[in-house]
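The structure appears right after this line, and notes come after that.
Chain naming follows the written order as A, B, C and D, and within any one chain the residues start at number 1.
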Amino acid sequence: MARYTYHCALRWSDMDAYGHVNNARFLTLYEEARAALLFGDAKPAGATGMQRGIVVARHEIDYLRPVDYGDPVQIELWVEEIRPSRFSVAYEMYDDGQLASRARSVLVPYDLAAGRPRRLSDAERTFLTEWRDAAD
Amino acid sequence: MARYTYHCALRWSDMDAYGHVNNARFLTLYEEARAALLFGDAKPAGATGMQRGIVVARHEIDYLRPVDYGDPVQIELWVEEIRPSRFSVAYEMYDDGQLASRARSVLVPYDLAAGRPRRLSDAERTFLTEWRDAAD
Amino acid sequence: MARYTYHCALRWSDMDAYGHVNNARFLTLYEEARAALLFGDAKPAGATGMQRGIVVARHEIDYLRPVDYGDPVQIELWVEEIRPSRFSVAYEMYDDGQLASRARSVLVPYDLAAGRPRRLSDAERTFLTEWRDAAD
Amino acid sequence: MARYTYHCALRWSDMDAYGHVNNARFLTLYEEARAALLFGDAKPAGATGMQRGIVVARHEIDYLRPVDYGDPVQIELWVEEIRPSRFSVAYEMYDDGQLASRARSVLVPYDLAAGRPRRLSDAERTFLTEWRDAAD
């Protein structure tokens, strides 16, 4: 029902030779927002398993305007779909108040020790449901 | 009618804390293959404009199996669609002979000096057409 | 006479396969602190030339303890030596209040357009002198 | 008595906004050469422990000329000093046949599981001695 907001500081080194934030680096910025939610905020909620392993099955990302080094970008993130052994997260990135990029990730809970996917725990499902949002 | 093959050396630093090549880094590896084709091989063909500016409008990427540090990965790349002011490139990444990832990028020729998209030149269109491949 | 303090957010992707912030990444974190001072804070002081080109002639860096993903690190930075066409900056990085690393950089003002070193301007020298600190 | 030579492919993304290979990235390129020797070549020699943990205690790096995206750089690497629980490696980086950078690293064998430094094994010491070189 809600969106998670993360302010992500940019680094001078995020720029590539074009003088803008590199396109691949956007995924790293989205990853930071996702890690803050799934690894950080999930912990006090008892959904601790995700830090031990979440693998990415798919990313889609649209670039709407170049992002320049300067103030932090604002990333909004919400959960779109929850299935027994995968869920999807959607994101929007705002730079100076303007939508600069949109993305969506399909994520799979993973048991790194056993080397195979696993099902979401009840605590994880409950946590993710809180961040569900229907809007695109 | 042909696919471009690029062998991309991995770096120890491509791994993240999970001990596999980081998911965002895949876009960097695909970028290397794309740069080798569009910035490198395009030059002798007279299609020199792309090095001066190509921006990414969209990426889609599927992760099929984790990639580990070791031998270079093999990236196959081909042009899918060519329009007056954008084109799309598809890729497959093979690790130890097995398909590890697939991706697709929508690319826009850009005039960095003027700060706006531009149309493909005739030389660029001819060059891209040589690397067109219908198969997915 | 003073030290510049910069709080640098860590990214999950700063960790390498050992699960700690990668050693090369420390230079990037120091670079962020340096960019904030020399490119950011220098501007209102009229020392605008450095953003247009500062090249690194040398780095020395000591690693005292591993840094883990989590809260931002605190970087302290000061100017050590100022010569007509080069100056040196020293840094300390604190993680959870403990000294984790020390570094020193020799920097050369550079005219990127002309492709050659240049001398510090008066405004730059005045700005740097404010951040001079004798202590190590 | 010998130097180890490693040809390191550059990536377009190694460039920063100045259009040259970023200074922090040099450490990553040196790391690749070091990993190829200490993690790769050491294995058939029976010195397998280093892949399980080597931490960096110090780097020194001098930048002599900018390195541009293009052909691989050539990195030469040799062992300078071997002590019971640390050793140092020196490097030179050549771009188009010209010396572009020099560096030196102090490395500490580490037991990642136990979280503490350890002594070099006999096999490691023998392996490192083969790559010892007195010249700078």
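Note that a contact is a pair of C-beta atoms (placed from the backbone, for glycine too) under 8 Å apart; a residue touches a chain by one contact, two chains touch by 3 or more.
What you are looking at is a predicted structure, and each value in this text was computed from that prediction instead of being measured.
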item	value
Between chain C and chain D, the fewest steps along chains that touch one another	1
Far-end chain from chain A, centres as C-alpha averages	D
Centre-to-centre distance between chain D and chain A (centres being mean Cα positions), rounded to whole Å	34
Whole-Å gap separating chain A and chain C, where each centre is the average of the chain's CA atoms	30
Residues within chain C bordering two or more other chains	12-13, 24, 28, 31
Chain contact topology (line, ring, star, complete or other)	complete
Chain B-facing residues of chain C, complex	12-13, 15-17, 19, 22, 24, 69
Interfacial residue positions of chain C with respect to chain D in the complex	18, 23-25, 27-28, 31, 53, 55-63, 66, 112
Residues on chain C engaged by chain A in the complex (per definition of touch)	8-9, 11-13, 28, 31-32, 35, 39
